Amino acid sequence: MQGQNQQQAYDRGITIFSPDGRLYQVEYAREAVKRGTASIGVRTAGGVVLVVDKRIRSPLMERSSVEKIHKADDHVGIASAGHVADARQLIDFARRQAQVNQLRYGEPIGVETLTKAVTDHIQQYTQVGGARPFGVALIIAGIADGEPRLYETDPSGTPYEWKALAVGADRGDIRQYLEDNYEEEMDLAAGVGLALSALASVNEGGLAPEGVGVATVDVETEQFQELNETEKREHLEENDLLDEGDGNPGDDANPSDDADAGDEADGDESEE
Amino acid sequence: MQGQNQQQAYDRGITIFSPDGRLYQVEYAREAVKRGTASIGVRTAGGVVLVVDKRIRSPLMERSSVEKIHKADDHVGIASAGHVADARQLIDFARRQAQVNQLRYGEPIGVETLTKAVTDHIQQYTQVGGARPFGVALIIAGIADGEPRLYETDPSGTPYEWKALAVGADRGDIRQYLEDNYEEEMDLAAGVGLALSALASVNEGGLAPEGVGVATVDVETEQFQELNETEKREHLEENDLLDEGDGNPGDDANPSDDADAGDEADGDESEE
Amino acid sequence: MQGQNQQQAYDRGITIFSPDGRLYQVEYAREAVKRGTASIGVRTAGGVVLVVDKRIRSPLMERSSVEKIHKADDHVGIASAGHVADARQLIDFARRQAQVNQLRYGEPIGVETLTKAVTDHIQQYTQVGGARPFGVALIIAGIADGEPRLYETDPSGTPYEWKALAVGADRGDIRQYLEDNYEEEMDLAAGVGLALSALASVNEGGLAPEGVGVATVDVETEQFQELNETEKREHLEENDLLDEGDGNPGDDANPSDDADAGDEADGDESEE
Amino acid sequence: MQGQNQQQAYDRGITIFSPDGRLYQVEYAREAVKRGTASIGVRTAGGVVLVVDKRIRSPLMERSSVEKIHKADDHVGIASAGHVADARQLIDFARRQAQVNQLRYGEPIGVETLTKAVTDHIQQYTQVGGARPFGVALIIAGIADGEPRLYETDPSGTPYEWKALAVGADRGDIRQYLEDNYEEEMDLAAGVGLALSALASVNEGGLAPEGVGVATVDVETEQFQELNETEKREHLEENDLLDEGDGNPGDDANPSDDADAGDEADGDESEE
Amino acid sequence: MQGQNQQQAYDRGITIFSPDGRLYQVEYAREAVKRGTASIGVRTAGGVVLVVDKRIRSPLMERSSVEKIHKADDHVGIASAGHVADARQLIDFARRQAQVNQLRYGEPIGVETLTKAVTDHIQQYTQVGGARPFGVALIIAGIADGEPRLYETDPSGTPYEWKALAVGADRGDIRQYLEDNYEEEMDLAAGVGLALSALASVNEGGLAPEGVGVATVDVETEQFQELNETEKREHLEENDLLDEGDGNPGDDANPSDDADAGDEADGDESEE
Amino acid sequence: MQGQNQQQAYDRGITIFSPDGRLYQVEYAREAVKRGTASIGVRTAGGVVLVVDKRIRSPLMERSSVEKIHKADDHVGIASAGHVADARQLIDFARRQAQVNQLRYGEPIGVETLTKAVTDHIQQYTQVGGARPFGVALIIAGIADGEPRLYETDPSGTPYEWKALAVGADRGDIRQYLEDNYEEEMDLAAGVGLALSALASVNEGGLAPEGVGVATVDVETEQFQELNETEKREHLEENDLLDEGDGNPGDDANPSDDADAGDEADGDESEE
Amino acid sequence: MQGQNQQQAYDRGITIFSPDGRLYQVEYAREAVKRGTASIGVRTAGGVVLVVDKRIRSPLMERSSVEKIHKADDHVGIASAGHVADARQLIDFARRQAQVNQLRYGEPIGVETLTKAVTDHIQQYTQVGGARPFGVALIIAGIADGEPRLYETDPSGTPYEWKALAVGADRGDIRQYLEDNYEEEMDLAAGVGLALSALASVNEGGLAPEGVGVATVDVETEQFQELNETEKREHLEENDLLDEGDGNPGDDANPSDDADAGDEADGDESEE
C-alpha cells in the first residue's frame, strides 16, 4: 500500500496519524505482543479458563518467575502476552482499580468495568505525547453477576469480549483451532482441555505440566484459582497432550535459548 | 496539487498548517474514520435512528463488545466510526457533560449543546501541541424541545446537523443512497428501514440481525432504545434485506478475518 | 522571492521568523481562511450588515448547522471564514469577553474593545510555542456609542476597521466590487443589497435565499438580527439576484460535494 | 561571510547562536520591522514629535484602525513599525508599566525607565525558549524632568536614545535625511516639519493629511497629543509637502493593494 | 531481519517501538550491561552466593572502590554489571524500599517484593519520555521466609528468578558452565566454588583473591556477608583456581588498562 | 581538527558536547562578544579603571544611551562587551545580588563574591536546556577590604581575575598593549592613561572625549565614579590621544554606519 | 568498531545509548576533561596531596583566579580538571553537602559519603533529559576516621578510590609515572614530591612555584592547607624541579596564549 520509505517517515513520531489513518506506534506495539509466547482464554458455562505458555530460556531459571497469569481480584484473573515489564504496570493498575471499587461501592468490580478502566488507561498512552504505547495484550477473565466474562485489551486500548481467544505468538493458528472446536455448553474442565489442546496444536510433541500455566474462575465459587502441577498433569493426560520432557519444546522453539543463540536472541528476553 | 515530497514535509508535524492552509494530521485522522465500518443516522418526524455495521473478525468474539452505539443520556444516543479507543474517550466526555448539565440546570442537556461541547473538546486536540487529533467521527442523535436532532462531529471538531448521514467506510455511496431515498415525513420505522437499506446497499447478500446495531430515540417517549435481535430481524424482513448467514458478509469483506489474513490485517482490529 | 526548498525550511517551525521577516505559519493560516467560503461585511449609516455564503455539501445537511454568522452580544454580530472549529473557539472567547464587560461595567462592550480582546488572544497563538495559529478570519460588526462599527481580525492577530470588506474565498474580487460600489450614505437595506450583490458577483446564476446568511445590527435598535428566508428572498428579488435553485451554485462550485468527489475533497469539509 | 546552506542550519533554532556569534531569529525579526511602513521620531527643544506612514491597502479600510501611534501615558507616546499584533502586546505592556509606576510612586514614569522595562521584556523573548522574538520596533517619546526624550527599542531588546530616528521601511534613506537636516534648537513645529519632510523624501508626489499620523509631546504641557486632519494639512502646506490625492502614493507603492496583487501580497497585511 | 539503515531510524528515539515491536534503547542498554565485567549468582540449599569480577585498570586504584556487591538489607545482597553510576541509583532505590518496608510492616522486605519494586522503577524509564533506560543488570539475592531466593533485573524492567545466573561480559559462556555443573542440593560452600569456577572458566590462568568479590546470605543466619581476602583465597585454593598474580589477568584482558591503551579505551572506565 | 560538516552537527543542539569535548554554543557566544566594541579594565595601586569604546552609528544617536559602563553598587562598576540586551540582564542580576548582600549582612558585597554569583548564573544557561548562553562578557571592577579587584566573566560562566584586560573587538591586540605597558605601581590616573592608550592603539587618529567612557573606583573613597567630558578630555590630552573629530573613527571603522551600509550591517546594531 | 557516520547518529542525542551500549555525550564530556590542564592526587601514610597545573594565558591574569584547588570542608580538598564553570557547580554542591552533614549529624562528612553524593548528582545529569553531563573530573581528598582517602569522580558519575591518580591533559603519561614511582609508606612531603615530579614529567624545563598549586590534608591535623609560594619553591628545589621562568612553559605549551593564537584558541579559555 505504501513503500518502505514513506512508512518510515511516520513511525518515528510517537502518536501521529499516517496519511492512510494508521497509528504505526500502536501497530508496532502489536508486533511486540506477537513476539511474546501465547496466552489463551476460554469461556465456558462453568467459568473462565486461562492457559499460558511458560517455556523458559534456561533450566536454571525459576518457572515461577515467568509471570503470565495474575490474580487481579478474588473473582478476576489476567493473562498477558508481550512485554513483561509493561504487563506488570497494567496488572498493578487493574488491582488498584479493583481495590478502589471494593472500597467505594462495597462490592467486587465488574469484569467489564475493570476491562474498560484498563483500556482507557492504555488509550491515553496512544494519544498524549511523552510516552509510548503499552507493548502488551491482556486477557481479563472473571465472573460478574454470576456470569463468566472474557475480555481482551489490545495496545490501542480497545476492549473486546470473546468466547475464546488467543494473544501472542501463533495467535492466528490457535484462534483457528478454537473456532473449530469451541462449544458453548462446555463445562470448566472441557474448557481447560480445549485451551491446552489449542496450545498444543502449535507445539510439536505435547506439553509438560511445568511448561504451561492454567488458572480458572469457577462460576460457582467465583474464586480465581491457579492449578498446581498435579492438576495440570491430570488435564494434560486426560486430553492426551502430556510431554514428559522438560517443558521446553526444543531448540527450534521460539523464544530461543540465548545461552546458545548468543547476542541477537538476547533482545527477546523480556517478551513472553 | 502538491507532490508527494512536499506533503510529507507537513504531515510529520502535529498541529501546523501546510502552505495551502491544510492541517494534515486532521485529514489523516479522517482517513482513520474511513477505515472503520460504517455508521448511519437518519432523522424522521417520529424520532432519530442510528444504524451501525457490527461485523466481527471471528465467530468467537462477542458482538456485544463491538460497541458502536452508545447511550449518552436518556434522550441521546451516539454512534461512532473509526478508532474505537478514541471513541470511548469522547463518549465518556459526552456522558459527563450530560450529567453535569442535569445537575446544574435540573434538565436534560440539549442535543446541540452536547454536540458543541464535544466538538470544542475535539478542536483542542487539533490546535494545542502534545497530542494527536481524535481518529473518530460521532453521530449524535436525540430529542430536544420535542424535536428530533441529528449531528455529526468530525476529527477537526466541526459540528454539522444532518437529516441523514453516514460516517466510516463507504460513506460516499451510502450518503448517495440516503440523498436519493430520504423523505422528510418518514415515520421512525421508515427511518430504520432507510438506514438499513442504505447499509445493505454497500453489502452484497443482505444483512443479518446480529451483524447490525440499531437504536432509536422516539420523539414521543424521548427514550434512547436499542433494538433486540427479534426487532432487528423484523425490520430486515420488512425491507427485504435479511441475510440468514452469520452476519459477516464474507471473506472479501473489510475488515478481514485476521486468523486467515495474517499479520497485515491485524493492524485494522481497533477500527470499526 | 525564495525558492521552494528554502521556504520549506521555515514553514515547518511553528512560530519562527524567516530570513525576510515573515511568519509562514501565520501566512498558511491565511490560506486556510481563503479555503473557506466568503463572508462579507458592510457598514452603512443605518447600521452594519453581515452576509455569508452558506452553500452546503449535501441536500441532507441542515443549513442551520453551517454556522458562519454568530451573535456575540445583543449589539454585536460576528461572521467567520476559514476553519470552523477554530472560529467556534474565538466566538466563545468573544462572548465571554462581552459578558464579563457587562458584569464589570454594567454596560455593553465596545466593538473596538471586543475586537482587540480577540486579536490579542489570536496574537498569543502566533508567538508562544506549543500551538498553531487560528485558521480563521472574523468580521466583527456592531453599534458602539450610537455609531456602526465594522472590524476584521486576521490570523496574525491584527485588528482592522473597514467600511466594507470580504474574507474567505474570492476575497480580492469581492473587495473590488465593494470598492467600486460602496457609498457612505447608504441605508441599511442598501447595505444588504450591496453585500448580496458583491457575493453574487463571484457566483454565476444568482443566489438562493437558503444559500446565504444575512444579519444586521440596526443603529436605532442596536439589536443583532438574522434575516429569515422570506426577508432574504425579498432582498434578493429587490436586487435581481434570486436563483430559484437549491442554493448550491453547481458541480463546479467549491467546496465540492464529496459524495461525488470522493476522498480528496473530504479534507475540505471543515472549511466554509 | 557564510554560504546559504550554513546559514539555514542556524536560523531554524529559536534562540541559538550561529558560529559567528549572531542570533538569526533576532535579525529576521529586524527584517519584519523593515517590512512595515516607516515611523519617525524627532526630538526638539520644544518637545518630541512622532510621524508615521499611514498608507492603507484599500479605500474601504478605516485609516483610524491603522494604529501606529499610541498614547502610553499622558506624557509619553509610542510609534511602531513592523508586526502590528506584536506591537499591541508591547504597547499594552508599556501602559501597564506606566500605571504601576504611577500607583507605586505617585509620579509619572520616566521615559528611560519605561523604555528599559520594555526592552527587558523583549530580551526575554530572545533568550528563553518556547517563543519567538517580537517582530516590531518602537519609538518611545516623552517628557521626563522637563526634558524631551526619544528612545528606540529593537527586536533584540536593546534601548537606544536618539535625537531623531526612523524605523521600518526606507529607514536608511530617512535617517540620512534626518542627519542632513537636523538642528538641535528646532522648535516643535520645525520638528514636525522635519519629520514630515523626511517621510516625504522617500515618497514621490507628496503626502496627504490622511496618509500620515502625527503626534507630539510638548515640553511645556507634557501632554501627548495627536494632530487632527486640519493641523496635519497645515503642517504639510507649510512645508510644501501636500499631496491632494488619496493618501496612497500609487500602485507601485509598498505595501501593495492586494485586491490587485492577489495572493502573495496578502502576507503583508499585518505589517505597517 | 532488517537492514542497517532501517534500524538506525528507530534507535534514535528514546522509547518508541520499531516496526517489529522492539525497543532498541532497551536493547542497547543491554549492550551496556555486556560491556561490564561479569557478576554471578548461585542459589544453594544453604543460601545464596554472589561472585563478581573485580579487575581494575591500574594497580593504584583501590579495589574496594570497585563496588559491584552491595548490601541492600541485612538479608539481601545485590551484585551489578554494567553502568556503575546507574547501578548506584538502583541500589539506593532498593535500600530505601527495604527501609520503608521495615518501618511500615515491622518486618524485612521479601526478596521478590524488593525485586519487583526495582523492576517497576526500571520500567518507568523505558516508557515515559525524558530519560534513558538504566544501563545495568542486577542480581538480587537473599532469604525470604527461610528460603534462598535469587533474582535478576534487566534493563527492560523484567524480573526473573534463577537457580544460578550470570550477567555482564561472557554471560553466555558462564551460564553454559552453570547449567552443566549446577546441582540443586549443593551447600553454600559448593555454591561459592561453582560460582568461582564459572568465572574462572572465562579467565585463563586462574583468579586472584583480590580480583574477585564474594558475598553470601546464609539460610540459617539470614545475614549478608562479604568474604575477606583470606576466605576468598581458601575458596580459590579449594577449587584449584588460585592465581598468585595481581588479580588482573593481563594486557589482553577486557577492560583494558587505559594508561596504555590511550583515548579509546577511556570510554570504558565506568563499565565494570 | 574537524571538517565543516561534522561541526555543524554539534552546534545545532544547545547544550551538548562535541566529540572533542567542546560546547559550541558557548564558543559562538564568545564570537558575539568579539562582535562588540572593546571594553578595558586596569587595576592600579590607587583603584580600578574601566574604559569603553562608545562609538555610535549615527550622529543623531545619544551617546549616553550606549550603556557599556554600569554602576553595580557604590563600590563596584561593570563594563560590558557583546550583546547589549543580554548585558542588561546580567547587570540587573548583579545589582540585586549587591542589594541582597547589603540587606542580609549589613555590608557591601565582595567583588569576588559578586563575580561568582554572576558566573554561576551564566553557567546555568550553558548547561540546562531551554535557553541559550549569554552573549556578553563583563569586566567587574571594585574595591574589597581596601583592595582594588578586577574580574572578567565570560560566556561559559568562568570567573578570571586580572591586573588588566580587554574584552570585545581587538581583544588580542589591546591585551598585548596592556601586557607590554602595565606597571604594578601605577596610580589611578596612570591607569586611566594606560587604558585609553590601549584603546587608542587599535584606533587610528586618536580618541574623542565623547567617543569613550571612563569610570574609576578609587581605593580611598571606594566610590564608583564616571568621568565627565572635561575630565575625559584632560586625560586624553595628557596622554596625547585627543582626536578633535566626532568620536567616530571613520568609515572603515567597525561597527559600520548602517545608513550607508544597508541591510547587512543592520544585524550589528545591538552589539557594542 | 563503528564507522564515523554511524557514530554521528548517536552523539546528537543527549542521553541515549548507542547500539554497542555507549553513552557518547558522557564520553565527549570526558574529552572536555582531557582538554583541561592536569590535576594530580597522591595518598600517603601522612595524608593526602593535591597538585594542579596553574599555567595562565597572560601575565596580567591573576593566578589566584585560576581556581583548581578548592577547600570543600576543613578536612577535605577538591582538585578539578576540565570545564571550570561546571567545576564550580559541583564544588558548591559538595560544600553544601558538607555543611548539611555537619548540621544534621554534628560531625564532619565522610570523604566517601561526600564523593558519592557528588557522583549521584553527576549521574542524574547523564540520565534525565534537558541537560548535558558535567564536563569536569574531580579529585576529592581528605581524612576520614583518621585515614587518608583519595577519590575520583568522572563525568559518568562513577566514584573511584585511588592511591594516586591524575586527571586532565596527559593523564595517561602522568599515571604511568605514578605507577612506576608510588610507594605505600611515603610521608606527606614525599607525596608532594611525587606529585610534582609526575607533573614535571610531562613539562619540559621544570616547574615554577607560581605555575603549580599544591594542597595537603595532614592525617594528624585533619586540616586542608594550601601551600604558599615559599613552601612550593622549597618542594620544587628539594625535588630538583624548579624552573625560574614565569611559570608558563612556553609557546608550545597547551593551552596556548590566545593573544597570539587568535580566534581558535579562544575557545579553550574556560578549560584549565
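Labels A, B, C, D, E, F and G are assigned to the chains in the order they are written; within every chain, residues are numbered from 1.
FYI, a residue touches a chain if its C-beta (ideal position, glycine included) is under 8 Å from a C-beta of that chain, and two chains touch if they have at least 3 such contacts.
It should be emphasised that the depicted structure is a prediction, and the values quoted were computed from it without experimental measurement.
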Set of chains adjacent to chain C and to chain F: D
Rotation in the CA alignment of chain C with chain E, degrees, nearest 5: 155
Distance between the centres, which are taken as Cα means, of chain G and chain A, whole angstrom: 55
Chain C and chain G: spacing of chain centres that average the CA atoms, whole Å: 68
Residues of chain C whose C-beta touches two or more other chains: 30, 34, 129-130
Chains in cyclic order, anchored at chain B, direction fixed by chain C: B, C, D, F, G, E, A
Residue ranges of chain C in contact with chain B within the complex: 4, 7-8, 11-12, 14, 24-25, 28-35, 58-62, 64-67, 83-86, 88-89, 92, 125, 129-135, 258-260, 262-263, 266-267, 269-270
Residues of chain C touching chain D in the complex: 6, 9-10, 13, 15-23, 26-27, 30, 34, 116, 119-120, 122-123, 126-130, 151, 154, 156-165, 172, 175-176, 178-179, 182
